[in-house]
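Notes follow the structure.
Chains here go by letter, A, B, C and D, matching the order in which they are written, and residues are numbered from 1 within each.
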Amino acid sequence: VKKFLNNPNEVVEEMLDGVVRAHRDYIEPINGSHRALVAKTGPRPGKVGLVIGGGTGHEPCFLGYVGKGLADAVAVGNIFSSPPPDPIVQCAVAASGGEGVLFVYGNYAGDVMNFEMAAEIAEEKGIKVRTVLTTDDIASSPIEDREGRRGVAGNFFIFKIAGAACDRGLSLDACEAVTRKANLRTYTVGVALEPCSMPQTRRHNFEIGPDDMEIGMGIHGEPGVTREHIKPADDITDAIMDNIFKEMKASAGDRVAVLINSFGATPLMELYILYRRVAQRLAAKNIEIEANWIGHYCTSLDMVGASISILHLDQELTDLLHHPCETAFLRIN
Amino acid sequence: MQTFSNANSGAIVLSLAERIIENRAYLSEIDGKIGDGDHGVNMAKGFGMAADRLKGKEATLSEALDTLGTVLMTEIGGSMGPLYGVMFTEFAEKLDGVPAIDAATYSLMLHAGLEGIQSIGSAKVGDKTLIDTLVPAVEAFDGATASGKPFDEALDALVSAAEAGRDSTRDLVAKIGRASRLGERSLGVLDAGATSCAIILKELSLGARARLT
Amino acid sequence: VKKFLNNPNEVVEEMLDGVVRAHRDYIEPINGSHRALVAKTGPRPGKVGLVIGGGTGHEPCFLGYVGKGLADAVAVGNIFSSPPPDPIVQCAVAASGGEGVLFVYGNYAGDVMNFEMAAEIAEEKGIKVRTVLTTDDIASSPIEDREGRRGVAGNFFIFKIAGAACDRGLSLDACEAVTRKANLRTYTVGVALEPCSMPQTRRHNFEIGPDDMEIGMGIHGEPGVTREHIKPADDITDAIMDNIFKEMKASAGDRVAVLINSFGATPLMELYILYRRVAQRLAAKNIEIEANWIGHYCTSLDMVGASISILHLDQELTDLLHHPCETAFLRIN
Amino acid sequence: MQTFSNANSGAIVLSLAERIIENRAYLSEIDGKIGDGDHGVNMAKGFGMAADRLKGKEATLSEALDTLGTVLMTEIGGSMGPLYGVMFTEFAEKLDGVPAIDAATYSLMLHAGLEGIQSIGSAKVGDKTLIDTLVPAVEAFDGATASGKPFDEALDALVSAAEAGRDSTRDLVAKIGRASRLGERSLGVLDAGATSCAIILKELSLGARARLT
């Protein structure tokens, strides 16, 4: 597998060097560390701080969503690996405006261990920390185990809502509550056609047969629910939407936001073909699309594949979704 | 009574790092099958960093383990940072200040590491994690010493049990971590953490065994 | 090669159906045709109209750059093929505000023939048309044949400048002149690591050896200048920047805009690694980066590869670059 | 004197479309080597659309060619839309109103198509384009009739010359179009347009020949 690389062991450092140079309008290193980045305008006294983070390899997740009206700081790990506690603590300190800090990150064993250790240390420093684990990947566990599910591209919506709530000056309790609601109302399913490969090994992390696809694929290339013979785009979309409709109790007239996300190597052309079908399916149920995003929002290195995320809006979420924000990869105003 | 010296045994950690770095691709490959394929890469990064800090220093085993534990805990992240971080830090603490390490101290060390891991994660034997390597290894070591076997033979028992524990994960359904969402599909492959744990325990024990006097 | 597709022969129609649904805030079909799309707010009396267009397979080019402050209309062809004259004429009519219309598109034989025929028809309808062919791909022909070069990702900058000039109410002459200047001051080189493949054939359009890369690759997979053994990212970037520096007569203190563009399958992580080196090279010459864009801006289906574009700014271009615009894939305000 | 009837010869255009559609992958593959790989796909799309419009209709050859030319010109775009669009439109115009097409009319038709193409593009023989197929084909046809050969033999000469012209492009350096930026690297492969042009001229001429009376 061919990639633009120098020293494969320095890939995260080199990327972050590029990131910090490119996005200096939005983010800056905390105490010189590229592993803990704070929004240039974001943290302020009286506002709950929003800290996000996780492994790399998902760009523009997570660092692309740091800035005014969205996350205040991001802790950056190695590829597909949670950051250690230290940069998370630095983020908590930098994001803190005295009203507490909200940690929002995907539900993975490694992230949970490191963020929990960081939360303890931050609490010792007098910063009140609340955590919302994102669990939007409905393919990753049955409904009975909703809390055991993975957080994937739906992060995008959950971060957005959390960031807006924080920016509006809501209390830590209120920010946590609405973020939890956003997580519970976000539904994602991913499909991979080809595997990703790590820069350090430049080999496929796993294999998918030449005529197969993997439904329910995670954003770290974790195997999904089933491996099936590849199907037409509309059939794939229908299978995903059927699963989402099973869980999302939406009625005619309800509003949703839609995210069609490339896992890395799938181009926009195909994402639009998926979106077309999603829109058809929603229209058939008289569910209105309030807003949509189509592109590379939460990737998995160079994986060929895509995910569909639906945020089931209510009035409060709609309001927060439209709240202005200014980050490297999402601007609303 | 067989013992080995804490002083100058820091080199054991260097050979530990060598083994892990050698197995980088292998460990990532195993992890890729039912996980996310980063285990070897992350382990090699962490152990390599620790080795870099230790190189050229005449560290005691406890100092070297502490360096390794601290690097893993503070700089590596992922699941391995906290889990192995706490294990090595606990190992180091139990050996700290002990000039001649005997089987009883070695057992204390193993138990402390195991408890440290269990205090963070909640995996049990049979969940298809490194616990499936570590628990039987500790039990085998204790069993051997309890039945009067000398330190070197107890270490041999530990290594065999660790490898058997690793192999047992092949037929287990994952109950924890990334692979747990796979159900039956996680059958038939080794667990990555169980595999690295067997490498670690073997190298540590071979290092100790070679230094026994 | 696996893709999300239904009927491979309907891929452009299905994509455009998705596009029109997704971006209704920005664009709408002209007379119901998805092959000619007009900005919702853009064309207006007294303003020169900007018409862009070309083949598909480059998404978000070209339709992602239609909207207020940028292009007024886009004509959409088949994959890697210019649109025929008819939708171009429709675009000209829709974009016309009585002050003339500027056509800006890449310099390819097919596009030139179709756009010229369209220009003639539009002129017959009383619409004054001027054309600027983009020729930013400095690898595609020697400097002596600058006018024979291809237009590639640098289109992004040239459209932006043209759109701003039109939006500011400049005359057709002035709009044409500054767009020509932007084209002459835009320098792009692309590198491909792996080929793209057409949805209709799902086979690679060409082959690149397992250890090779193609320098100077066009955005339709046209072969480049040389095929070489793959090199580290910094070496590739250096080779590209050396070529650009050879043509761009920039002095210390000058300002540039930088675009690091994925050809489709190359993920952001690697683009940041390229950007890092571009920034280092520019900094070494004391050339300031006024603005940067890193991501998928002008793709080539699912090709693995990237291009680097530099716009050498002057005061007028800097001004126009920052002029507000609102389109599906570029928003400045 | 050999002639064929314009009426009911519209079916020739259907078999033309069949040949192009059959060669879709091949033409794209050739174009991929030094161009952008879309030639077969676009040609098949345009010819297929024209065939759909003609199917079930009893069109004259001139009507069918006009339909084909119009579809290419107005709906296909790319290089082929205008170039083949104008060629077929010119072909149609020269046959329009001619009930029995003789060799002189056929020659007129060919010349009009060639001139149409040259009025849009500026390619000359040797530039590695479809001109390298078309020009020698027309010349061979004219040469054969000038030397007194009957229509059918002139058509045979046309087909052979078209194919030889196509083959000549293998050893040419492209001077126009996408491939022209390649210089020497364009050597050794056929030109896509020259190849499709040979298919078109052959099928058209075989159709005419089969209908000669």
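By definition in this document, contacts are C-beta pairs under 8 Å (C-beta built on N, C-alpha and C of every residue); 3 or more make two chains touch, one makes a residue touch a chain.
Nothing here was measured: the structure is a model prediction, and the numbers come from that model.
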Q) Which other chains touch chain A while also touching chain C? A) none
Q | Centre-of-Cα separation between chain D and chain C, whole angstrom | A | 33
Q) What whole-Å value do you get for the distance between chain B and chain C if each is reduced to the mean of its CA atoms? A) 54
**Q.** Between chain D and chain B, distance of the C-alpha-averaged centres to the nearest whole Å
**A.** 74
Q.
Once the touch criterion is applied, which pairs of chains come out as touching?
A. A-B, A-C, C-D
Q. Can you list the residues on chain D that touch chain C in the complex?
A. 24-25, 28-29, 32-38, 40-42, 45, 73-83, 120-121, 176-182, 185
Q: Sort out for me which residues of chain A touch chain C in the complex.
A: 2-6, 11, 14-19, 21-22, 56-57, 59-60, 193-194, 199, 213, 230, 232-234, 236, 264-276, 279, 292, 294-296, 299, 301-302, 304, 306, 331, 333
Q) What residues of chain C sit close enough to touch chain D in their complex? A) 9, 55, 77-86, 108-110, 113-114, 117, 140-141, 148, 150, 198, 200-201, 203-206, 218, 220-223
